[in-house]
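Read through the structures below before going on.
Next come two complexes, and both contain chain A; in the first it sits with chain B, in the second with chain C.
Up next, the complex of A and B:
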């Protein structure tokens, strides 16, 4: 797999701040993989996402040191409009993503396509397809400003997916959603993964990330404290040491290990934990 | 409308099946601007009344007739009557032919005519503009303006200004509801209403302004800054020759009428 985004010793400080929000970031993100970005609040997750999308420093200003390469080209050499097509960005607040000038969800989803000069017939086909994909096909005639948080987030997803970007950056998409709407969002992410898109998702819900992501990047205090395959990173003791939340399954495994009854391996998802518990129960039954 | 019918509607020009509502928005705007300014420039009751009647005739043949006449009636009572009362009071006892006596003082004919000029100028001007705003969707107007060369950024500004006003109104209502839930009185006389709105008015406006950054980022994510041609999902029919002719005639009438009105009335 090729590398689509690369951070080379990247440090960044927002304007009017003395302390850098992120420091000495070094990592490579491969095409077609799903990355989960985890870490405590104010740890640098959003800045990491903003750097990929070029909002730092192009929009916010500030001081950038090091190099961010997007498809091998320096971030600072990309035009804003090119980046907006290359990298789709779904923001944290679903309501802040509504344009406010479109009166129906149908038109809201099509707005990005209008900006790209796509012809009407193609636009209609694409909107209908995307709306079905993210399950907003029953909301097409509704006013985007009258939607619930979950519906609004799905419409925001649809609006970005319509642009057909190869890289999708998603910043805490479930922070304002109920658990059911949160699961819907992860279903969409799963769908994107199957389409071969590179997905980078900053999120606190580590249990869901453990289930859907290929790799995890843990950021704390503005630095990357761990990066690698899901199992390897989420079972790394460095996470709790840095205040990074770990999945419930890992917590359970740790408790059992401390009680002198360790699992044969550390589970990271609920399914894995259930499997290991069943295995242990069956083992006991056989022993009896 | 079913979802399928709704989607199909974007394959054709938007239609409302009313001659005035379907009139080309830019031609309609030119027509209304011409007659509105004619009423304003000439400032004579005869012209104002003619424009007012024209606006009424148009409005009565549209689905917005009820809103039109209610709003105009309210504006008449609230605005015109107050202005007329002030004018009459100021001119009471002035020299010249007397029209009638009020509270024992003579009201001159000139003062009555001046009042009529003012009333019909306001009613004509507002009436013709209301026929435009009540029957034209801003998004259709902006779409047409883009077709004639206005930049998408400018039309976005127009549309977001209108939606911003609506959003401030919604936020105000929301804050008033929360105040009511906390036991603060928000209903009753005008003074009570104003007292409940004033303290939250500026914070609401300021908070709407802080949303600009979010909106900018959201628009950036939708490739708003993309160079090249922008297309439109919602399409407005191009202006028909007759619509162009009506708009041109209105402009000619406005110029000729203004000159003639200033000279002979």
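Up next, the complex of A and C:
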């Protein structure tokens, strides 16, 4: 698979700060994979996302060292409009994302398409399709500023999906949603994956990431502390050592290990844990 | 001493639909109670009515025997403190110290008392490294602790926390535990709205389930979190450890990983 985003020794400091927000980041993201970005708050997750979308340094200013390549081309050489189509970015705070200048959810979702000059008929069809997908079709006539946190997050999501970007970066998509709605978001992410999109999600709900992601990038204290396939990274003791949350299945495995009765392998999802417990209980029933 | 919610019904101004219908519950002083349920079930509306931000259209709410309808929001606030889900809805000062001291000054407490309460609130919530910052420059998850500090300083008998664990990392969850222990030690009632079942199972004794604008169950957590039909009706899943325990056929009502690992060993 091709590489779509590459960080080469990237360090970045926001303006008026002495300390770099991220230091010496090196990683390659491959087209079509789903990446979970985890780690403590203020550890660099959002900055990592901002760098991919060029918001650091184009919007925030600050000092960038090293090179970020998007589809092989240096971030600093991209036109912002072009990059905004290549990379869809769903912000952490949905109220920061809605434009505040559109009077209905319908127009809000369509704003990006309107700016790109998409034909009216195609635009309407696309807005309706996306609205159904993220369950905001009953809200289309509402004012975006009158939405609840959860509704606003879905609308923010929809307005990005409408652009049909190949790379989608999502910063804490489920923080304002109830668990059922949170699972809906992950189902949408799964669908995007099936469409061949590259998805990057910064998120605290590591139990959900364990189920849906291909790879995990753990960032703490401004550095990447672990990266690689989900199972490998989430069971790595370097995570808890750096204050990074681990899945409950891994915590359970650690409890059993400390009690001197470890599983034969470390589960990262609930289903894996269930399988291993069943295996052990059945083994016991057979007299082993 | 208690908050007594009696058969309240409420519609938001300008809305024809009701947000809660005929809801009743009693929160005793010193209790730790969690309200769970889907978004839109009426959880936030119920606690905002307790805090007297709104007044019920029908029914009554008594706070230590006082009818909230006969009092202003400012008169109820010293008794019932509400920490908003979104800290940005709550903060209105341009300075951390001013934000914490605002209500204390409004109530004309002695200077020494204001200082003491402010310092204690800053320490309990762990926001000492951020006191010099503009409140809106503080990272959002930590900004939530500023709003908790405001309520801790006011020291009401009933503290309501709306989704306190949302967006929190390990530091935030540990800090929240410190706040919970502090409030319990002070004998405060803590009422939370939460989707985080691990947090609910760990920190609360009683669980109220809301669905379709009403209360559908109310009782001891270990009982409620194992009423699968009720939880399904409310679109809520039990803690992951309980889900695993049930899937592998453990009969005990497991609520956390420690209990689960003990049952497996």
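FYI, the second predicted complex is superposed on the first by the 287 of 288 C-alpha atoms of A that agree within 3 Å, B and C clash if a C-alpha of one lies under 4 Å from a C-alpha of the other, contacts with A are read in each partner's own complex, and residues count from 1 in each chain.
Here, a residue touches a chain if its C-beta (ideal position, glycine included) is under 8 Å from a C-beta of that chain, and two chains touch if they have at least 3 such contacts.
Worth saying up front: this structure is predicted, and the values here are computed from it rather than measured.
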Chain B versus chain C as contact partner of A:149, first or second or both or neither: second
I'd like to know which partner A:63 touches here: chain B for first, chain C for second, both or neither. neither
Mind working out whether A:128 is in touch with chain B, chain C, both or neither, as first, second, both or neither? first
Can A:93 be said to touch chain B (first), chain C (second), both, or neither? both
State whether A:137 touches chain B only (first), chain C only (second), both chains, or neither. first
Is A:273 touching the first partner chain B, the second partner chain C, both, or neither of them? second
Looking at A:180 after the superposition, I want to know if it touches chain B, chain C, both of them or none. Which is it: first, second, both, neither? second
Report for A:111: first if it touches chain B alone, second if chain C alone, otherwise both or neither. first
In chain A, both chain B and chain C touch residues 93
Where on chain A does chain B make contact in their complex? 55, 59, 80-81, 84-85, 88-91, 93, 96-104, 106-107, 110-121, 123-124, 127-128, 137-138, 140-141, 145, 159-160, 163
Chain C partner contacts - residues on chain A that touch it in the complex: 39-43, 92-93, 95, 148-150, 172, 175-181, 204, 207, 243-245, 248, 251-252, 255-256, 259, 261, 270, 273-274, 277-278, 280-281
Which residues, counting only chain C, touch chain A once they are in their complex? 38-40, 85-86, 88, 139-142, 166-172, 195, 198, 235-237, 240-241, 243-244, 247-249, 257-258, 260-261, 264-265
If we count contacts the way the header does, which residues on chain B are in touch with chain A in the complex? 1, 3, 6-7, 10-11, 139, 152, 156, 159-160, 163-164, 167, 211, 214-235
